[in-house]
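Next come two complexes, and both contain chain A; in the first it sits with chain B, in the second with chain C.
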Partner chain A sequence: MSDGPATLAAITARPSRILSVIREVLSRPSGFIGLFLIIAHVVLALFSPFFAPFDFKAMNANAILLPPDATHWLGTDQLGRDILTRTIMGGRQAILVTAIATPLAVAWGGLLGIYLGLVGGRLDDILMRVVDAFLALPWILKMLLMIVTFGTGVGVLIPTLAFFYGIPVIRIARAATQNIVARDFVLAARARGHSRGSIMRRELFGNVLDALMVEGAMRWSWMLLAFTSLSFLGFGVSPPTPDWGLMIADSRNFMAIAPWPAFAPVIALSSLIIGINLTADALAKALGIDRAQAAVH
Partner chain B sequence: MLRIFIHRLLLGIATVAMVSGIIFAAVEALPGDACTAILQRDASGERLANCRRELGLDRPAATRYAEWAFGAVRGDLGISAHNNKPIASLVGDRLKNTLLLAGCSLALGIPLALFLGVLTGLRRDKFSDLAISTIAIFAMTIPEFVTATVLIFVFSIWLGWVPGIVTASASSSLSAFFPGIVLPVIVLTMVMTAHIMRTVRSSVIDVMSSDYVQMATLKGAPYWQIVFRHALPNALLPAINVIALTVGWLLGGVVVVEKVFNYPGLGHYMIDSISDRDLPVVQAIALIVATAYVGVNLAADLLAMTFNPRLRTLKARSP
Partner chain C sequence: MTGDILIDVQNLSIGFTGRSGKLLPVLRNIDLGVRRGETVGIVGESGSGKSTLALAMMGYLKHGLRVISGRSLFDGRDLLTMPSCELQRIRGGKIALIPQNSGQSLSPNLRVGAQLTEALALHGKLALSAFPARVIQLLQQVRLPDPEVIASRYPHELSGGQQQRVAIAMALAGEPEALLLDEPTTGLDVTTQAHILELLSDIAVRSDKAMVYVSHDLGAIARVCSRVVVMYAGEIVLDGDATTVLTNPGHPYARGLLASIPRLGNPSLPIALEGRPPPPGDAGPGCSFVDRCAIAESPCRAERPGLQPLLAGGRVRCRLTERAESIPTKRDGKPASAGGSFGEPLVRLSNLAISYARQSLVDQLLGRKPQGVPTVDRVDIEIRQGEVIGLVGESGSGKSTILKAVAGLVGPASGEIAYDKSGALPATVEQRRPEQLREIQLIFQNPDESLNPRHTIEQILAQPLQLYFGLSGDALRERSIAILERVRLGAHYLDRLPSQLSGGEKQRVAIARAFAAKPRLVLCDEVTSALDVSVQAAVLDLLDQLRRDSSTTYVFVAHDLAVVRALSDRVAVLYQGRLCEIGPTSAVYSRPCHPYTEALISAVLEPDPGARPVLMAEDIMELSPPAKGCPFQRRCHRKVGPICESTTPPQRDAGAGHVIHCHIPIGELTSAQTVSALGNAVRPHVQ
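Presenting the complex of A and B:
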């Protein structure tokens, strides 16, 4: 947790602090490689429709399960669709959904956590029991119940992921706040008669922000894991939209005769998740936060 | 100590009660009920009404919740909408298989994780630490179905050493699961080892830089005596709680692994039941998994308190 000087910096000169954190993340090899992987994936997700060599849903009965060659650089799948095209476009849904849901989750979980850490008392007791109750249920059960009820559209997945993945953030933000609330500068603000809103805004945010940024990076990777796992199980992105989880699931049936359709999505998905985690690790080290406290998803 | 024990036990029971309420409300909100699952296409008009009356689904939700909750406490989980068998025995078979899978993974993973955690903690920022810690991040964040797919390709299709799927049915004897259980155990072991290892590592680093270890070093105690007698007993305490989280995860969160390897465990059954709209089974599994999660975490907290008197105050540990 950051101490006095970092707080001052956070309040008085926020833009330069963000820049210095980015610079520090980039100065570590893990941060550099991680950020490079993330940016490459985001660029690919944004622009892949413009330079994809084939139509992602064009089937070809004469080109089923072709090994990689000059026309289809990564081969074709069981319906004769180009795997290179489907791989570079396969992360669009996953990245879109998780990149919106992650900040939402961190925002609502963080705000509620900071508030509960500040006020404590009965409300805190009751809500933390509810948090415990939600955490006791496996993530996949919660997600599946929502999906079965409301469907698998982007409009359902984003709020669902944002809601469930914000719940563990409440705990992190609350614990980080409780570490700060008893410090002198918060007591001083209370003594000056500041309102709760003002204390949250002026004294707590800057201090809890570091923990929340690291938490957000990790939530993003868990969310991607959840999203692609759901697709893999057949509860996420619906065909023929290309998606890594779906592609890996499809490829398993033909693995004994044609293993290549699995390789590209496996590498694409793994590289994105590794990129996010390398960045999260570098971020945690740059901010001086112990990342090992993370709970099992 | 007894007061804290009772306090924590009551909190645990309250959590389970709240979970049961959430599950019941969630299942209630789903489209369709047990009768639409039983009758399928015939679910309309008179027949639907008759079925609902027969199963008591026409009564208010609060009554049915109370009945379900009291039944569950007595071990009666109701009847499956899918094949009319008692859920307790259906779920019992799967629970046994899941426990086998979890047991094998824990037996392999806990010693490995403790060893790697202590090793990397003592060799902080050396090459071996960086290598192992980085691999651990990958092991715990790459989705299980990706790891599983790669392992199946390498060890089952390419090398042909072990079967890629489990062919045993839910009620087969435990020995029928070997050698098909090998790959799922490896996937689960990788994930859990990484989690436990990282906690142990950071705790070893904390303790090794503490004042009392420095004191022992200064008075000239041999290095290995400091590690084993002074540092490790304290450094391994946080492992208890993360192991509990892992056990909870192994019992409820391994849906993907069980599905990939066709392993007839609780998670696989849960996802099949959701697809079949077999809601009584979904409710029962959710309740069992959540109870296990709360129970294991409670046990871990109490164990940690037994070993560490500093935690024995009401305020210190209530989360």
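Presenting the complex of A and C:
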């Protein structure tokens, strides 16, 4: 197609713009702290075997439910395993699965939303009612249904999370598109006789991308919570692989006598989610998007 | 009747911190005193700092602005350093603001009477029992008919003009000593605007309030103000009595501005003022106007001229004010109209009707047809090759809708659009042939909306070139540069984004994009109404040049009658989607026959202190759907009788293609006119 290079340029935007947005995000305290937290977590997850002081599987019958001390900085759990080690490694699965599922969710939800926002009419009417119906169901019900049908494991969790978390993205992308479609430059493109695909690629995509980026960051934190909740319920990661949700579930029974095994994974999870939310906030401000208008699903 | 100085701005400079960290001034060394009983107009183009100055007069700075130096005194006290609790008492109570878009400044969920009562209670000058009577009195004072009825309405139930009147009543509620008016009539229809200005000038004459009227519209200023201050790049460049400033100003910028205004009585194109004002902080050491000045000398660049008092009164910021008179304020430029005969008919709209009524899902299921009177109805217009046809009318007259139908963006409900020799043009863009799409191009009102903010100028121009001509690579770039040069922009614009361009430059890019398709028919939808006057003149000149070069046909839609006069060969006057009058521009403007055309043309404001608009039609809100019979009958000042309400007016031919849709016999229409619209200095004032 003759419009290849121009389209590509339109989609990737100008590098100077990306750089300036990153600079803008970093210039805000929320963006700086948020990005720091995210990067710290990702680095820990990637290189955790180097950082972990002990073997995550190694049990020690003589060191059960030890409080924090010089050898076990965060203490040990009910099987005598080092909690620091398990916390450092406990985010690997969660971050891996959600980091793949989030872009997938934003991609399919965003594309469908942009398309519906552009064409409107009967198809839009019907599909949006389907979306409403999906959003009306509690997420845990939908997730458990899929897992019961297809089993657990990364190969099921990634498409399942990507599917369900793409549905609210449809709404956001559609709403953002409808704002753009009403503007004269889209009308001008239609009057010139451009095809729908061309209008989506050239006129809409670049303008909706900002909203999608912020929405993606939000979806990521929600997805992390969902993944951890599934593990907590025993439908996510299977033992002995360390996982935050699983660790919280295991230590629940000993909360009265030994609260520290639950604290470490809780703090790890919340710091990551706080980091993502702070970054999303800063990103939204840098891009000039009103987060108050974003859906809360 | 003028008294002591009430508002006194002394050496005021206001600025903001730019991205570079430098303090960039938007107002520079403003010295301005306004006396009680005086009405001062502040004119300037967008970015000249006029609104900032008006807001500073009530002690308000927009977010991010800081005072660099100076004071803004009201009754001897500096508002800019006053604690906010004291400011609150002065604002509304002593100084009131009437903003531009009053529909937005009224609370949508309170009845008009309740809002006025609230304002009265806030200022606490009256006993509680006196409120209802005072509300009615205020509404009468702003000449609203049936004040009791209006008081019980919500703002959305009022027309734009009525809302503006309510806003004025709100401002008067606190019995302020000073009134600040920030573009109070911008965005209103011509006939409504004339009514509001009449009211304001009445307030100005009768009361001893100090009034400051901020506007870009010299016509409105001329109507209300006795003294005019001209601002340029954050400075006062000229200050004098209205007659001098509007007829023989002593500053080159003011003279250029006057020359760039299209006028009803002059069929030639206005003279453009090339260039643009320096951005804040970029004015250099010399005169800020030096780059656009026709008589500038080298000392003008070296030293900033001071605001010198003139012998004849007033002040001017120009070293060469004695020589400024060599700059013409009136144009004797070329007439735009090519006149005479044109080619074959290119587009013929026959009995065109357009309806926006959309079938709801329930209607579809029940098989009901959409109801309602069409927005545009019974429109017959023939457009010949190479001519410029102007469509004029107030908001809601259907002029843009007709353009969209020709462009294929709204389908006609009935009737047809015939194009060239190929017969009827398919209704929508999707059904049209690529050749037809290429030959008909549309230019929009606001370039901020019509250019994709994420695309560079190169990408914007590439769109039609790739789509219609399949160009790519060097050929594409070469053609883009050639087109940019045709609209008097250079190749260095290719890599820029629309946000890096001025309003006029953006509109040139939008024009370039339309002409890139090598169109035969260009549809211009209010293309100059978002631009400043001096820029507007340049864009009009460009459009005229382009059509001379390529013998393109234009359909030119505008609400500004003077702009249409400057460019069009023929003009069609529309009211509520129905044709009132169509004919050669010179005939329609010199001898308006239809009562609506007459009302419209006589309400136009001229930047001339002697000119006074004639208020013929009532500024009542038109009801939807349009009236049966003659659409204008509800407001018509020459209504014949019941026939106007029942029967569609016949077409009356006044010769030379001049057709009037009216029940009044043609002989009476052409002879017995209430006013002759033009060339008549002293107009009777009809209330």
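What we mean here is this: the second predicted complex is superposed on the first by the 281 of 297 C-alpha atoms of A that agree within 3 Å, B and C clash if a C-alpha of one lies under 4 Å from a C-alpha of the other, contacts with A are read in each partner's own complex, and residues count from 1 in each chain.
What we mean here is this: contacts are C-beta pairs under 8 Å (C-beta built on N, C-alpha and C of every residue); 3 or more make two chains touch, one makes a residue touch a chain.
Just so it is clear, the structure is predicted and the values come from calculations on it, not from any experiment.
Participant: With the two structures laid over each other on chain A, which partner does A:145 touch: chain B (first), chain C (second), both, or neither?
Facilitator: The first partner, chain B, only.
Participant: I'd like to know which partner A:274 touches here: chain B for first, chain C for second, both or neither.
Facilitator: The first partner, chain B, only.
Participant: Have a look at where A:157 lands relative to chain B and chain C in the superposition and call it first, second, both or neither.
Facilitator: It touches nothing on chain B or chain C.
Participant: Applying the document's definition of touch, where does A:189 land relative to chain B and chain C: first, second, both, or neither?
Facilitator: second
Participant: Can A:259 be said to touch chain B (first), chain C (second), both, or neither?
Facilitator: first
Participant: On the A-aligned overlay, A:83 touches which partner chain: chain B = first, chain C = second, or both, or neither?
Facilitator: neither
Participant: Taking the superposition as given, does A:136 touch the first partner, chain B, the second, chain C, both, or neither?
Facilitator: After superposing on A, A:136 lies in contact with chain B but is clear of chain C.
Participant: Chain B or chain C: which reaches more residues on chain A?
Facilitator: Larger number of chain A residues touched: B.
Participant: Who does A:206 touch here: chain B (first), chain C (second), both, or neither?
Facilitator: In the superposed model, A:206 contacts chain C only, not chain B.
Participant: Go through chain A and flag every residue that touches chain B in one model and chain C in the other.
Facilitator: Chain A residues touching both partners: none found.
Participant: Where on chain A is chain B touching in the complex?
Facilitator: 30, 128-130, 132-141, 144-145, 148-149, 171, 221-222, 225, 228-229, 232-233, 245, 248-249, 251-252, 255-256, 259, 262, 266, 269-270, 273-274, 276-278, 281, 290-293, 295-297
Participant: Contact residues on chain A for chain C in the complex?
Facilitator: 2-3, 6, 9-10, 13, 125, 183-185, 187-194, 202-203, 206-207
Participant: In the complex of these two chains, what residues of chain C are touching chain A?
Facilitator: Within the complex, chain C contacts chain A at residues 361, 407-409, 429, 432, 434, 437-438, 441-442, 444-446, 449-455, 459, 462-464, 466-468, 470, 472, 513, 517.
Participant: Could you pull out which chain B residues touch chain A in their complex?
Facilitator: 11, 14-16, 18-19, 22-23, 26-27, 29-31, 134, 137-138, 141-146, 149-150, 152-153, 157, 192, 195, 198-199, 201-202, 242, 245-246, 248-249, 252-253, 255-256, 259, 267, 270-271, 274, 277, 282, 285-286, 289-290, 293-294, 319
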